[in-house]
Amino acid sequence: MAEQQQLFNTDRVSVSERLAAEALVVDVGAFEGPLDLLLTLARTQKVDLLQISMVALAEQYLAFVEKAKELRLELAADYLVMAAWLAFLKSRLLLPPDPTEEGPSGEELAAHLAFQLERLEAMRTAAANLMARDQKGRDFFARGIPEDVERVRSVRYTATLLDLMQGYARIRTKDEFRPFVFDREHIDTMERALERMKPLIGYAKEWTDLVMYMPDGWQGDSMRTRSATAATFAATLELVKEGKIELRQGETFAPIQIRRRAPRDG
Amino acid sequence: MVDETEATHRDIETEEAEISLFDAPPIGEQERMVEAILFASSEPVTIRELEGRMPHGCDPAEAIAHLRKRYEGRGVRLVKVGEAWALRTAPDLGYLMQKETIEVRKMSRAAIETLAIIAYHQPVTRAEIEEIRGVSVSRGTIDQLIEMEWIRFGRRKMTPGRPVTFVVTQEFLDHFGLESARDLPGLKELRSAGLLDNRPPPGMGQLSGEDDEDDDQGDLFIEE
Amino acid sequence: MVDETEATHRDIETEEAEISLFDAPPIGEQERMVEAILFASSEPVTIRELEGRMPHGCDPAEAIAHLRKRYEGRGVRLVKVGEAWALRTAPDLGYLMQKETIEVRKMSRAAIETLAIIAYHQPVTRAEIEEIRGVSVSRGTIDQLIEMEWIRFGRRKMTPGRPVTFVVTQEFLDHFGLESARDLPGLKELRSAGLLDNRPPPGMGQLSGEDDEDDDQGDLFIEE
């Protein structure tokens, strides 16, 4: 694989471009994510983004990641995800299309990536154009002495949206956060579930479905069912941790069963 | 006080139009008034507010049109900012103003790009910004832009999860000398090139509909 | 761009005075400069200072004389303040400036929190506000918010005692630039915008309710 890459590189990428790509490696921290890196690499191809060779770009990117690994540079996970995706894209583009295969074609995926790159570049340019505009306080100015004629003293209190949201956040994240009083009737707690289950588990010598431990009258209303299910399950885990019961589930979505744990096992 | 003015205003409306014509000061005088009000304020002033502060029967829009002409080519210009008007010094004279220059808070590249994306794509959700930049929007970037009063929350999107959107503010327009967001440089070209489209990746549905919870009971136990 | 102009400016300074005389901008241009400087300056400016800020060879006194004439009878006038010059609105239009004279003060934390709860939970009773804040709400706080026209009475609640509820007003939405109270960002969005601690507090984002002592336990039910 690495060998093949080397071949491709010498074939398609000139020496100066390879040097440029290596210079990039040293500076990996300067990139704002894999898309940014891809765009920078794409620019070294020196063609219209829409005509860019996605195969070559994928190879450039993969070579970059290889090089970074060689230099033992930490690459964030999203760079590696992109590498995996590009390897996939490359294989799709190089291999003849498999008619039985589901999903978008390699060309479609490549076209979308080209679109993303072009859009990112367009936004970069737009940002640069925006910042190059005349700006207030630098190129043009507002009135230096806003006038207050006739001082009618009236006090007005004000607050910003930020104050408001931070105020709300402050309340809702207080450690002693309590849910709404009118919500409470629909909420079952782990404590209550524990209280309910503790006296009952002594009888669970055989495997018993967890559903049996749900509180009475909490089925039907979906909100209450969810809360009770969660509380019961949480209590179950707590009991497992305390070594009082065992827990099993045959397969995903199968009923969860519990059994009293024999005291001598402890 | 506003009520009072409104009440009087309504009275006049019920009377004959010619009377209110006599009441209104001559347009030259109205121009002076608009000039004084705009001059005294460092913030843009809306036509509505001008109307509220000037004697009834005045036509601030007309006065503005006259005033704008008068200030053409002067050291100070009358500019439109969104729905409001403001007097600003001519940009070509900025070099004389070192003393007044305000140190603009240094913005990161991420913040600048995020700002541009919001301006060109507004109203835009956080997920859409991240899709365009290919990275998550870092803590504090949005915060900073809100604090600078360059962006604000817009209407929620009518997509699953009803995510909040961001739009640019009048302060943003004022700062960059734009009459409206439609006047952003290159906007038309970007639009006709399809670069402002919200194009979902092939094989994916809508982009923004991520985090809606399924009502399925089973989900309760799935860790993510 | 500014740097470039500055550079040229400095070049001129280093050359001979007679050359800079030829360089001096036409008087009309000097008038523009004075106009812009006086407009943007936060205090009256002396001739000497004008001279220092304008290109060499300029004659600010002459420019001021022209400018003063230009503003005669306008809504703004050029006045002498001691040895310095300033632009001021015409005294006869002072009555238009009443709106500018309001003293703005930051709201108290209690008022902000109360307002936030009403905005997020409307219609909400006083007892509910107290339940959420965990402290009693003073009469003055509610009064202040009503007086500011940010909240008003809503429908009475159909519970024992039929308590009154509070809701936010259109005035509130206008002030905060919101289309509707529903557009306020949710907790999750506040957190992702960096306005909240990232640490999910105990009891939040999970169904099993209050105060569980075990953190691992809680994590199971946090969807992220």
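By written order: A, B and C. Residues from 1 in each chain.
Keep this in mind: a contact is a pair of C-beta atoms (placed from the backbone, for glycine too) under 8 Å apart; a residue touches a chain by one contact, two chains touch by 3 or more.
What you see is a predicted model; the values in this text were computed from it and never measured.
Interface comparison, A-B versus A-C: the higher number of contacting C-beta pairs is recorded for A-C. When each chain is reduced to the average of its Cα atoms, A sits farthest from chain C. Spacing of chain B relative to chain C, judged by their CA centroids, is 14 angstrom.
Mean C-alpha position of chain A lies 31 Å from that of chain B. With centres set at the average Cα position, the gap from chain A to chain C is 34 Å.
With touch defined as above, residues shared between interfaces to two or more other chains in chain B number as follows: 39-41, 87, 89-90, 94, 97, 100, 143, 146, 152-153, 220. Shared contact sites, meaning residues of chain A that touch two or more other chains, fall at 138-139, 141-144, 146-147, 149, 161-162, 226, 230.
Residues of chain B touching chain A in their complex: 39-43, 86-91, 94, 97, 100-102, 104, 109-110, 112-113, 115-117, 119-120, 132-135, 143, 146-147, 152-153, 174-178, 184-186, 190, 193, 195, 199, 201-203, 215, 217-218, 220-221.
Of all residues in chain B, those touching chain C in their complex are 31-37, 39-41, 49, 53-54, 73-76, 87, 89-90, 93-100, 126, 138-143, 146, 152-156, 163-164, 169, 211, 213, 220, 223-224.
Those residues of chain A lying in contact with chain B across their complex are 32-36, 78, 103-104, 108-109, 111-112, 115-116, 118-120, 122-127, 129-131, 133-144, 146-147, 149, 161-162, 222, 225-226, 229-230, 233, 253. Chain A makes touch with chain C in their complex at residues 138-139, 141-181, 187-191, 226-227, 230-231, 234, 237-238.
Only residues 2, 5-6, 9, 31-37, 39-42, 53-54, 73-76, 87, 89-90, 93, 96-100, 177-180, 182-186, 189, 192-195, 198, 207, 220-221, 223-224 of chain C touch chain B when the two sit together in their complex.
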